[in-house]
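Next up, some structures in structure tokens.
Here chain A shows up in two complexes: once beside chain B, once beside chain C.
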Partner chain A sequence: MTKPKVAFFDFACCEGCQLQVANLGEALLDILEVIDVVEFREVMSEKWPQSFDIAIIEGSITTSHAVERIKEIRARSKVLIAYGSCATIGGVNGMKNNYELKDIREYVYKDKAEFFDTIPTRAVHQVVNVDYSVNGCPIYPPEFIRILKAALAGLPYHVPDNSVCVECKLNENICLFERGISCAGPITRSGCNSWCVNNGNICYGCRGMVSNPNENGFKAVLEKYDITVDMIMNKMNMYNKCREIK
Partner chain B sequence: MGKNIKVNVEYLTRVEGHGNIVVNVNDGVLEECKLEIVESPRFFEGMLRGRSIFEAQHVTSRICGICACGHSLASIQAAEDAIGFKPSDQTIRLRKLLLHMENLDSHLLHIYLLVAPDLLGVKSFVPLIDSHNKVVRRALRMKKTCNDVCDILAGRHIHPISSIVGGWTKLPDEKALDAMLAYLNGMIPDMNATIELAAGLKFPELQRDTEYVALVSDDGEYPLLMGDVGSTDGVRMNKKDYKKITNEFVVPHSSAKHTKLSRESYAVGALARFNVNYSKLRKEAKDIAAAVGMKPKVTNPYLNTVAQLIECAESLYDAIDIVKHFKEKGVDHSEAVVVGLNEQKRILVKAGSGVGAVEVPRGLLFHHYEVDDKGIIVNANCIIPTGQNCNNIEHDMKKLVPEILDKSEAEITLALEMLVRAYDPCISCSAHFLDVKFVR
Partner chain C sequence: MQNAILRKSHLNDFISKLAVIEKVMAPVAKGPNHYAFEEVKSAKEISLQYIPTILPPKKYFMPQHETLLEYDTREGQKMHAVAEVEKMVLFGVHTCDLAGIQCLNIVFSDRPKDLNYLIHKNKIAIIGFECNNYCDEHASCALMGNHIPKGGYDMFFTDLGDYFFIHVNTQLGEELLDKTGVYEEAKIEHMNALEDLRAKKKEIFKNEVDVDKNMIPEYFKKGFDSAVWDDLGERCISCGNCTNVCPTCYCFDVYDDPDLGAKTGKRIRVWDSCQNEPFARVAGGESFRSQRKDRKRHRFNRKFRYPVERYGKFFCTGCGRCTRVCMAKINLKDTIKSLAKEYK
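And now, the complex of A and B:
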């Protein structure tokens, strides 16, 4: 049996999610036993002109050239995985959509602004069909392995749709709201094992919003602790601005 | 008739981000020689406006996955400088430990996975899995160790969690210190093997004297996190004057914004730090330099990779010393900060302007923020190492190409690719690149 051909492609992002792969250590070699990585620009010079069994896409779509490129990759791929929050929800690149494109372009690039092709940031699924999503900024490696296994076996993977609070409670953290600090955990998808809260920070919602946030209940919590919806939405918008694109 | 050569490498591989090399030799005369950066612009400086300085490092670490800790530390430094907050000695030591782990991790990635394939004549590290299995395993093992130490210290390496403006939300307890020390000590045999391997590698020859720029300080430490900015041409300035150091300028014929200081270009990075601060290196690092015959000033840019190797030893052994320091003196857990300092009004915020200057793996990184009286960023500017090196790389290419014109196009292309890769350019953090020519 030939090994499935897998390729990594990066769009606008920090490439941290692909680095998470290198950070698996020697376990990476076990994965490479069962797949054949045919293209991975950051660490390989090889190129693969044919079709892929699995294309793993990192980054958001932010230029018209990128729109063409992702469509072309989709056409050559049996399975497409959106990998990391830049790809699944637009991630930090979405913050750009808070501003008029013309303004932000001129602010950063001054009179050279016209050299920079830019369109509102989109998540990958807002441009092409996506088969699997690996959330997180960066991705949480154990979850990635689970999803990769599912993709290789052709099985579905359901992204958890309950909140980070569920994991946070299991980890016995003291809820930040109790300490008078706002946290985006209640409206954010779990799957990261409440990574940030375990390390003394708040959840910023990097894994995207749960599909059915209990908004009223959440608002009641905010009111109880005298925290404004604006304040929490401003935090949420660090990663989730792209959800406003229809 | 002279030779015609056209090199056009699109999507330079095995570098962070996207770059193109364009070289045009017409009738034996070098007409064009460019490193183009085609990364999609990400507008980080624009996105920082309106954000609180207490959130800024979460945003800026996302500029680059490899330098996540470096960006976050520069960001924190700029924010603290802007409001006049002085971090404690303990905080600074732990930040330095984090920076050491990132520099070590990044250098290892570069040496093993990105440069070694060139020197061993293969296209990537993938064929090495079969031909040099032990070496690949060692590389991955060492990388993972750096990562594991960062996990303990900051929650994770890529986008550190517990290092924030004001200090650390989580401080290592006795168990964490022991675990970090065990990881670091465990790396020593692998480090020795790395030194042996890298010392045997042959690098291409190219000599071009340039100005080397790095942090300098008056204490005994090899400066990475604190200090003024200095150069091998005798410059010394306060980091607040970073604009006088970088002197960004637009090149009329290429629309490229480059930097220069005392001469046509300057270099930052491991080799620059080695040339500027050699005397402050630890013995373990100096021993490697002696073994490979490197003494400042080294003017072959390909040897940046060897300077990285020397810095690997510097970072590993200094990291061990930092952990040992805390094992002896203890960690003051009362210093742990609770996140949301601003919400709790625990840190005094005032309007101001601040600069962070940090030696990240690829060289000197500047962040500059202007903040209002609520700690909201009104203006932000980042100058990244690769941006500063671009001009220098082009000057190197211009020196190199005429020297190797008798070689085949394939050989010239490889020599140029290797030159660019030697600088370990992180084009993906092109927060501030003007070096783009979409107009063809």
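And now, the complex of A and C:
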């Protein structure tokens, strides 16, 4: 039996999620036993102009050229996985959507701005159909492997719609709010095993908001802990600005 | 032997000797006012003056993530049950948490029996530890009658000044105590000191909500559509903290984790929570408890009404964890008081 052909592509991103994959260590050897990587710019020079079984996409869509390219990739792949915050929720690139496109273009490209086309940042699923999402900045390796296995087996994977607090509590961390530190965990989707909090950091909301956050309730919570809504919204906007695009 | 005493100067010997023969789990400080049961090798690591740990000892009876079976479909459908257990001694379990374990014992012994839980239970020795005072203002152990020991342990320690009074409740407890060999015989003066403490505790621990416990299920029944739930629903942010830290919440989800190649794999259970948005969602997208107020009401009813109807037992232990951990400051005692006020 031939192994499924898998190709990795990147759009507007830091390529950190590709590094996470390249860094999987021994697990990567097991993965390479069952898939045939035909294109992966970060780790190999070969290109694959034909169709493939699974396309794994990093990065968000920020130019009209990228729109054409992602559509072309989608047309060539049976299954498409978006991975990383940029691809799944727009990620930090979404901060661009805070500004007028003209202003941001001139700020970055100065007098050459006219040569650089730009459009509002969009997550991959806001442009083409996405079969699986691996949220997170960067991706949480165990979840990536779990979703890859689901894709290979043709099984569904649902990004958990619970707050990060659920996993954080299972890991018996002290709540950061109790330590007087703000954290986006209560309104952010879990699935990362509260990776950041386990390692002494806060949650930055990189996995996107839960589908139905209790915004008023959360505002009241923030008030009780003396945290301003502006401050937490700034934090959430770092990753979640694309949420407003319907 | 039913009773013994252990000089406090010998506590370290007791724990160190125990830790040589068994894995010993005890409350340790994790940060300001936060504690967790963790493995210890000596008494110095233990915080005996602790408020209820972040997670109750249920994590040893039904681990957060637990493999239930392994399957292999390469030649037919083969599977075998898995029980990942290790022997351990839990030291320093408060009476509220002993009550919690007793509740879980009832649920998991009910048919169909949960063998994984029961196998864990058989491997765990429990050494209880009495609270001479309230841990903090969130506890309602006197309301639930769990401020004094009611069994569910192999040994039970009470701090009586420069020694611990030990009630030996099972043969396993006796064997463990014998192996450490650092106890003394309990004399009549020690028994009297214990009785004095219990008398003193009657003055300290009083029903915290001024509501007749036996009437609470009735209040919950009458208050099914009470505005109390609307208020909680508006405040709750569905973080699931309250159920995860509850010593009697036992709901779980089960999923298959295939190996690469998808022919073999594991079936895993993980703690779930009725407070989570997708918990009561079924095929077709319908949810039986789509509103936060429905979910909050459900949680309270699962403590104060449904288990009383089914098992004749309250499933709140009064440990106060849910109140302590709630970011929206939803308070268990206040909720009971509000309902009682409406329907008295």
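Going forward, the second predicted complex is superposed on the first by the 246 of 246 C-alpha atoms of A that agree within 3 Å, B and C clash if a C-alpha of one lies under 4 Å from a C-alpha of the other, contacts with A are read in each partner's own complex, and residues count from 1 in each chain.
Keep this in mind: contacts are C-beta pairs under 8 Å (C-beta built on N, C-alpha and C of every residue); 3 or more make two chains touch, one makes a residue touch a chain.
Model, not experiment: these values are computed from the prediction.
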Which of chain B and chain C A:R179 touches, first, second, both or neither: both
First, second, both or neither for A:N23, with chain B first and chain C second: first
Which of chain B and chain C A:L152 touches, first, second, both or neither: second
Touched chain A residues, chain B compared with chain C: B
Contacts of A:A12 with chain B and chain C, given as first, second, both or neither: first
Contacts of A:N129 with chain B and chain C, given as first, second, both or neither: neither
Touched partner set for A:N212, first chain B, second chain C, both or neither: second
Overlap of the chain B and chain C footprints on chain A, listed as residue numbers: 179
In the complex with chain C, residue positions of chain A that touch it: 30-31, 33-34, 145-146, 148-150, 152-153, 155, 158, 160-163, 165-166, 169-175, 177-179, 185-187, 210-214, 216-218, 220-221, 224-225
Of all residues in chain B, those that touch chain A in their complex: 11, 13-17, 39-47, 49-50, 55, 58-59, 61-66, 68, 109, 113-114, 117, 123-126, 129, 136-137, 140-141, 143-144, 147, 154-159, 161-162, 164, 168-170, 250, 255, 257, 336, 338-340, 343-344, 428-429, 432, 434, 436-439
Chain C - residues contacting chain A, complex: 30-31, 34, 36, 54-55, 59, 64-65, 234-241, 244-245, 257-262, 270-271, 273, 276-278, 292, 325, 327-329
Chain A residues within the chain B interface of the complex: 10-20, 22-26, 28-29, 32, 37, 40-46, 62-63, 66, 91-93, 95-96, 98-99, 103-105, 107-109, 112, 115-118, 137-138, 176, 179-182, 195-196, 198-202, 204, 235, 238
